[in-house]
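Shared chain: chain A. Partners: chain B in the first complex, chain C in the second.
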Partner chain A sequence: MSAPAKTAQTADPATTGERRGPRRRSRQKGIAGNTLWFWVFVGPFVIGLLVFSYLPIIWSFVLSFFEAYNTVTPSKFVGLRNYIDMLTDHNFLSSLWTFTIFAIFIVPLTFVLSLALALLVNQVKIARAFFRSVFFLPTAASYVVASLIWKLSIFNGVRFGLANTVLGWFGVDGIAWLSTVDPPWFWLPLVTVRLWLQLGFYMILFIAGLQRISPTLYEAAYVDGAKPGWQVFRYITLPQLRATSVAVLILNLIAAYQAFDEFYNLIGAGANYARPPLVYLYSISLGSIQDLGHGSAGALILAVIIMIVTLLQGRILGFGKAGD
Partner chain B sequence: MPAHVPNAGLSRRDLLKRTGGLAALAALTAACGGNTGRPSGGGGGGGGAKANLAQWYHQYGEAGTQQAAQRYAKAYTDANVAVQWTPGDYDSKLASGLLSSKGPDVFEGHFNIGMVKGNQVVALDDIMADVKDDFLPGDLATNTADGKIYGVRMIIDPQVIYYRKSLLDKAGIKPPETIDDLIAASKELTTNKVKGMYVGNDGGNVMGGPALYSSGGEFLTKDNKPGFTDPRAAQAIGKLHELYASKSILLGAPTDWWDPGAINQGLVAMQWIGMWAVPGMQKVLGDDIGVMPFPKLDAQSQPSVYSGGWTQFVSAKSANVDAAKKYVKWLWLDKEDYQEDWSLSYGFHIPPRKSLAAKASKLQSGVAAETVKLNQDHAYVDNPNWTPKMNTAFTDVLTNVIKKGADPAAELAKAEKTVNDELSRLFG
Partner chain C sequence: MAVAERTTGTPQPIGFSRSAKGIVGMVLRWIAMLIVVVLFLIPFYLILRNALSTEQDITAPDWKLFPSHLQWSNISELFNDTEVPMARALYNSAVVAILGTGGQLLLASMAGYGLARIPYKHADKIFYAIVATLMIPAAVTFIPSFIVVSSLGWVSSLRGLIIPTLFSGFAAFLFRQYFLGFPRELEEAARVDGAGYLGVFWRIVVPNSLPFFAALAAITFIANWNSFLWPLVIGQDSSSWTVQVAMSTFVTAQTINIHELFMAVAVSILPLVLIFAFLQRYLIQGVTQSGIKD
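== the complex of A and B ==
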C-alpha cells in the first residue's frame, strides 16, 4: 500500500523542480542584479516590523471581538461588547483624563524649556559641543533606571530623601512625594523625570532648526532696525522654526500618549489616580487579570484617538505644508 | 492577594523599543528557542529518558532561598528540574508564561477559579489523597474548585502588625484592641523622627481585606455573593482613610511593606508585615518585637489575620504532567526535611502539614509562637472564587477611599457591580 504512494511522492518534486528551474534562475539574476542588497539591509527590519508590529496589531484586532480570558486563541465571539465595555469603563476614561493632565503639563513645558536650552546653547561661544552633549546625555538613560533614582533617592518620602533634606534646611516638614494625592505632589516627580530625560533630545532638534536659519535674515533685520532680543526672536527665529516646532509638538504629544515606564515604576499599576491609558491596559490585560479581549479593544480605541489627534494637530498647525 | 510581590519590573515597551531590530533576527534564528528555564535537549518524557521540568519561583527576599530551591531541584533524580528565580513582577510574568507551553511545568502561585476555567492547572487529587487529612481545612479549601484540589500549599504566611514593645511602653500605650485604638496609638507614637506605623507606600491597601474581615464581612459569601455590602464594611474601610489622614503613617519609604526595612531602621513604631520577616527583625531588634492581629472594628466583631502564603501547581500545558506531579509530590509532600528547611531556615513560614507544624521548634517560642497562635484564632484564607478582576475592583475602592477620601459605601457599591458581573460570567 505505502510503496506506490512513496514513488508517486518522490516523482513529484523532480517534475516540479524541472518546471520551476528556469523561472528560479531568472529571479536569482534579478535579485543579484538590483535588489539583493536592498533586501539584505531592509529585510530583517521589514520582518521585524511584520512580526513584532503588524502581526500583533492584526491579532489584537481579532482578539478585541472575543471574550479572551487567559488565552490568545479564544472561541467565544462577543461582537462589539468589549468596545462598549471599555468606552463605559470609568477607569479607562479616567486614564484618558490622567493622560490629558499629563499632556497639559509636559507638552508646553518641554517645548518652552527645550527651545530655551537650544537658544542658550546655540549662543555659547566656548565649549559648545560640551554643553550640547551634557544636555543630550540624559536621553541615553533608561526610563526605568531614571525612575528608580527619582523614586529611591531624590523623591523618596522619608526624611533622608534628597528633596526632603533640602526642605529640611528651610525647616519644612518632609513630603511623601509619590504617595500624596492631595495636593497632587506625585506629578512633580513624574513630570521632572520625563523633562530630564527628553529635554536634550528636543533641544537637539531645535538646534538643528536654528542652524538652518540663514544669517542674512538676521542681518537684514538688523539693518531694518529690529532690536536684538525679543523682537528678533518673535519675528525672525520663531517663524523660521515653525516646521521644527510642529514636529516637536506632535512627537511630544505622541510620546506622552505612550507614557508607561515612569508611571509604572514610580507609582505602580495599582494606583488609579495616576494611571495613563497604557498602564491601565497593561494592568487589565497583561498583569494577573489576563483579560486580553478588553485590553485589545482598549488599545485599538487608544490608537484611533492618537491618529485623530495627530491628524487634527497636523491640520491645525499646518504640518508638511508646501514651503516648510 | 500575593504575599510579597515587588512592584518594580522591566518595562515591556522599553525593552522592545530598544531591542526591536536585534530581537527580530534572534527570533528568526531561534524560532522555537524560548527561554523557559527548562534544560535544553528535547521534550523528554518517553522511553526511559528523564523528563525536563521548569520550576518557577518568585523572588523570596531572604538570603539563601534561591540556593535552597536549586539544591532541592538538584537532589531530585527522576527528572531534570531547572529552577527559574523571578525578580520583579512575578504575577504578570507567570500569567503570560501560562498562556503557552513555553511556560513552567511546575510553579508557585495563588489559586483562583480563572486558572481552572482557562485550563491552566491540573487537579492534584491523586497525589493529595493520602495526606489530605494532614492539612487544615482552610488550606485545602483555598485551592479547591468543584470538589477538586488543584494545588499543594507550600507555606502559610500570616500577615499581622509587629511593633516595637519599647516604644509602646515608653508612650504608655497598650497594644490596640480596636481600629480606633490603633489610629489613636499610631498618632501618639508619631514624633518628628519616628512615624506611628508603616502600612505600605500606597497608604494601606494591603489592610483592605483584614479591615473587611474585622468588621465581620468577607470578600464572597459561601453562596458566592459579594460579602461587603453591610454598612459595617464601609465603616471599616473608612477607618483606613482615617488612619491615612491622621498623618501618622510612613509614606514613600525606600522598601515596601513586605520588607522589614522601615521598622528595622527605626522609621516607625509599628509595621504591617508577614511572619516571614521575623528572623530579619529579630536580628536587628532582638526581643523588642510584639505582635497583634488587625484589630476588630468594635465589640461586635473579631480581629483578623490574613493567612497568605504560596501554593505549588502543575501547569496543564506542560508536556510532562505526570513527571511534574511526581516531582511536586516528592518535594512538597514526601521530603519533610526540605519542607522544614524551606519554612524555617530563611524567613519564618508555618508549614501547612499539621504533623510538620507540630514539630517546628523555632515557631514554638517568642513572637513567632504568638503569631502562630493568632493565625489559629483569627485567620482567613483567600477565596478561590475571588478573581484578580474582582480584587482590582476592590483595590480601586481602597485607593479612592484611603487616598482620595471618597465615600466608602458608594465606592463599595461600584465594586459590587463589577464583582456581580464577574460572578455571572464565571458561574452563570
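== the complex of A and C ==
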C-alpha cells in the first residue's frame, strides 16, 4: 500500500499529463492497442531469442551436413557423414564414457551429501545461519578459481601440495594426482572440486524442502510410535522431499553433462584422458582447426542425448507427480 | 506433562536429545559438523595464505600454516605485471556482469509482464516458443552461438561477450510466473489513476517487486561474473579476456608465480564475497525460487 502512495507523490505531474492522451486513445483502440503494447514489452526479448537461440541452432543444424573447416558459410554438402564420423569417432565415444563415469560418481554423492548437510544444518539450534553460510559460501567461487586452488595448492603433484603434505605426515609418498591414470587418481580432484562448489547450492534446495514439511506429520509419527531417527527419516522426511529430490537429481545430471570448466582447467583440453563431451567438442571446433561441421554434429548429438536422458529420468522419477 | 511437551516443542526430524544415547548422537553430530566446516573452509584459507605468502613460503618442504610475514606487496606485483592484463580483465568482468545482469533482467521482466498481463491472441504460442528454448541444454549451444557471433564480427568484443547472453528464456519464464501472482488490485488502482501499461509496470509493479528482482539479480550477477566457457570461446584476444579467462590462461600455461596467481584469485573473488556478506538473504531466495544457477 505504501509504495503506490509514494510513487503517486513522486510522479512528475507534467509527465503524467503527457501520458494521459495516448493512453485514452489506446484504450479506445482496445485490442489493437493491446497488441501494440504486447510487442513493446515482449518484442525485444523475442527478437533476441530468435537471433541468439533459434538462429544458432538452425544454422548449426545446416552446418552439420556440410564440410566446414574455418568457415561458417560452407559450400561442400556431405550429407550425414559428419554424424557418422562422430558416432564412430573413438574420442567422441570415449568422452561420453568419461561423462558416464563422472555422473556415476557425482550424482549420487551430491544427492546424499547435500541432503546430509541440509539435515545437519536443520537440526542445529545455535548459529544455524552461520553454518548454512559456510556451506553456501563456495557458490561464490568460480570453477576457474576452485580448479586453480585444487591444481596448484591442494592436489599439486609436488611435495608442497596440501594432499601430499598430509600423506607425508603418514610416511606415504606423494602422488601426481592430476596426471596419474593408473590407478585413476585424477578423479579425486575432479569429483571433490565439484562437490565443494555445488553441495551448498543443493543443500539450500533441500533445506527449503525440509521447511515445507508440516510439523504435524512428525507429531503424528511420534504418537504412532515411530522410532526417531532412521524410521522417521525413511517414512516421513524422504517421501515428503520427493519433489525436491527429483529436481536435485535432474539438475545435477544436466549440469554434469555440461561439465567443462574444471576438466579444462585441471586436466586440459589436449589430454587424451578425462575429456568429457564438451571439452572434446571445444577442442575440435574451436582449437587450431575450427571444424564446425563435426562440432555442430557432435553438439546436436549431445543435445539429443541430454534431452532423451532428461525425459527418461523424469519419467522414471515421476516428474509429472512432483508438481512444483 | 509429557503430552504438553510433545505438542509444544518443535518436532525434530531425527532424534531427541534427552537420553544418554541422544547425547552421544548429539556429540557425534557436532563433531561431524565441525569436520565438514573445516573441510569447506580449507580452500578459502589457502587463498588467503598463498595470496599473502612469498613463493619460498609456499614451496617450502614443511607446511607453513601462515606466511612468516604478510606479503601485501603481492597486490602491486600482480597489477604491475605487464604480462598479466589483470586490471583490464577486472574491468571486462565488471562490464559483462553489470550490463549482462541489468540487460537480462530488463528484457526478461518486460517480456514476463507482457506475457502475464497483456491480452494478445498469440501470447500462448509466443510463451511456448520461449519455454521450448529451456529444453536445449545451455552449454551445447556454444558452437552454434559462436557461428552467429563470429559472422556478426563480434569475436573478441564486449558486445560478443554480453549480448548473446541477455535473452534468458528461463528468466522470462520465472518473471511470468511471478507476475501472474502479483496482486491485480495494485495495478487496477493505478490504471484508474490514468496510467498505461508502461506506467503501471515501472511505477507500480517494479517498485513492489524489488525483492524478487534482487534475488534474480544476485544469482545472475554471480553466474555472469563466474562464467567461463562463453568468455573463453569469445575472448580470443587478451584485450577481451574476463578475469576468469585470464586466470585460466595463466594456470594452464603455468607461466606465473603461485603467490601472484592466488592474489589474482583473492581479488577476483572479493566482489562476490561482498555480495554474499550483504545480499545472502536474496541469494538464498533466488536459489530456492529458481532452483538453478545459470
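Methods note: the second predicted complex is superposed on the first by the 269 of 324 C-alpha atoms of A that agree within 3 Å, B and C clash if a C-alpha of one lies under 4 Å from a C-alpha of the other, contacts with A are read in each partner's own complex, and residues count from 1 in each chain.
In this text, a residue touches a chain if its C-beta (ideal position, glycine included) is under 8 Å from a C-beta of that chain, and two chains touch if they have at least 3 such contacts.
Since this is a predicted model, take the numbers as computed values, not measurements.
Engineer: For A:N91, select first, second, both or neither according to whether it touches chain B, chain C, the two together, or no partner.
Structural biologist: So A:N91 only meets chain B here.
Engineer: Is A:S288 touching the first partner chain B, the second partner chain C, both, or neither of them?
Structural biologist: first
Engineer: Looking at the overlay, does A:N70 come into contact with chain B only (first), chain C only (second), both, or neither?
Structural biologist: first
Engineer: Thinking of the overlay built on chain A, is A:Y273 touched by chain B (first), by chain C (second), by both, or by neither?
Structural biologist: first
Engineer: With both structures placed on chain A, which of the two partners, chain B or chain C, ends up touching more residues of chain A?
Structural biologist: After superposing on chain A, more of chain A is contacted by C.
Engineer: Of the partners chain B and chain C, which touch A:L119 in the superposed model: first, second, both, neither?
Structural biologist: second
Engineer: Would you check which partner chain A:F263 touches, where first means chain B only, second means chain C only, and both and neither mean what they say?
Structural biologist: It touches nothing on chain B or chain C.
Engineer: Report for A:T180: first if it touches chain B alone, second if chain C alone, otherwise both or neither.
Structural biologist: first
Engineer: Let me test your reading of the model: by the given contact rule, A:G157 touches which partner, first (chain B), second (chain C), both or neither?
Structural biologist: First partner only.
Engineer: Now for A:L148: first (chain B), second (chain C), both, or neither, which partner does it touch?
Structural biologist: A:L148: touches chain B and chain C.
Engineer: For chain A, which residues lie in the overlap of the chain B contacts and the chain C contacts?
Structural biologist: Residues 44-45, 48-49, 51-52, 72, 142-144, 148, 152, 158-159, 258, 260-261, 264-265, 268, 278, 282, 286 of chain A touch both chain B and chain C.
Engineer: Please give the residue numbers of chain B that touch chain A in the complex, ascending.
Structural biologist: Within the complex, chain B touches chain A at residues 7-14, 16, 18, 20-21, 23-25, 27-28, 89, 91-92, 94-96, 98-99, 114-115, 117-118, 120, 193, 201-203, 205, 250-254, 267, 387-389, 392, 395-396, 399-400, 403-405.
Engineer: Can you name the residues of chain A that touch chain B in the complex?
Structural biologist: Listed in rising order, the residues of chain A that touch chain B are 44-45, 47-49, 51-52, 69-72, 91, 142-144, 148, 152, 155-159, 161, 176-182, 258, 260-261, 264-265, 268, 270-273, 278, 282-284, 286-291.
Engineer: Residue numbers of chain C touching chain A in their complex, please.
Structural biologist: Touching chain A: residues 6-7, 10-16, 29, 32-33, 36-37, 40-44, 46-47, 50, 58-61, 63, 107-108, 110-111, 113-115, 118-120, 123, 126, 129-130, 133, 135-148, 150-151, 163-164, 166-167, 169, 172, 186, 189-190, 193-199, 201, 203-204, 207-208, 222, 225-229, 232-233, 244, 247-248, 251-252, 258, 261-262, 265, 268-269, 272-273, 275-276, 280, 283-284, 287-288, 291-293 of chain C.
Engineer: Tell me, which parts of chain A touch chain C in their complex?
Structural biologist: Listed in rising order, the residues of chain A that touch chain C are 3-4, 6-8, 11, 16, 19-20, 22-23, 26, 31, 34-35, 37-38, 40-42, 44-46, 48-49, 51-57, 59-60, 63, 72-73, 117, 119-120, 122-124, 131, 133-154, 158-160, 162, 165, 196, 200-201, 204-205, 208, 210, 215, 218-219, 222-223, 228-229, 232-233, 237, 247, 251, 254, 257-258, 260-261, 264-265, 268, 278, 281-282, 285-286, 292, 295-296, 299-300, 302-303, 306-307.
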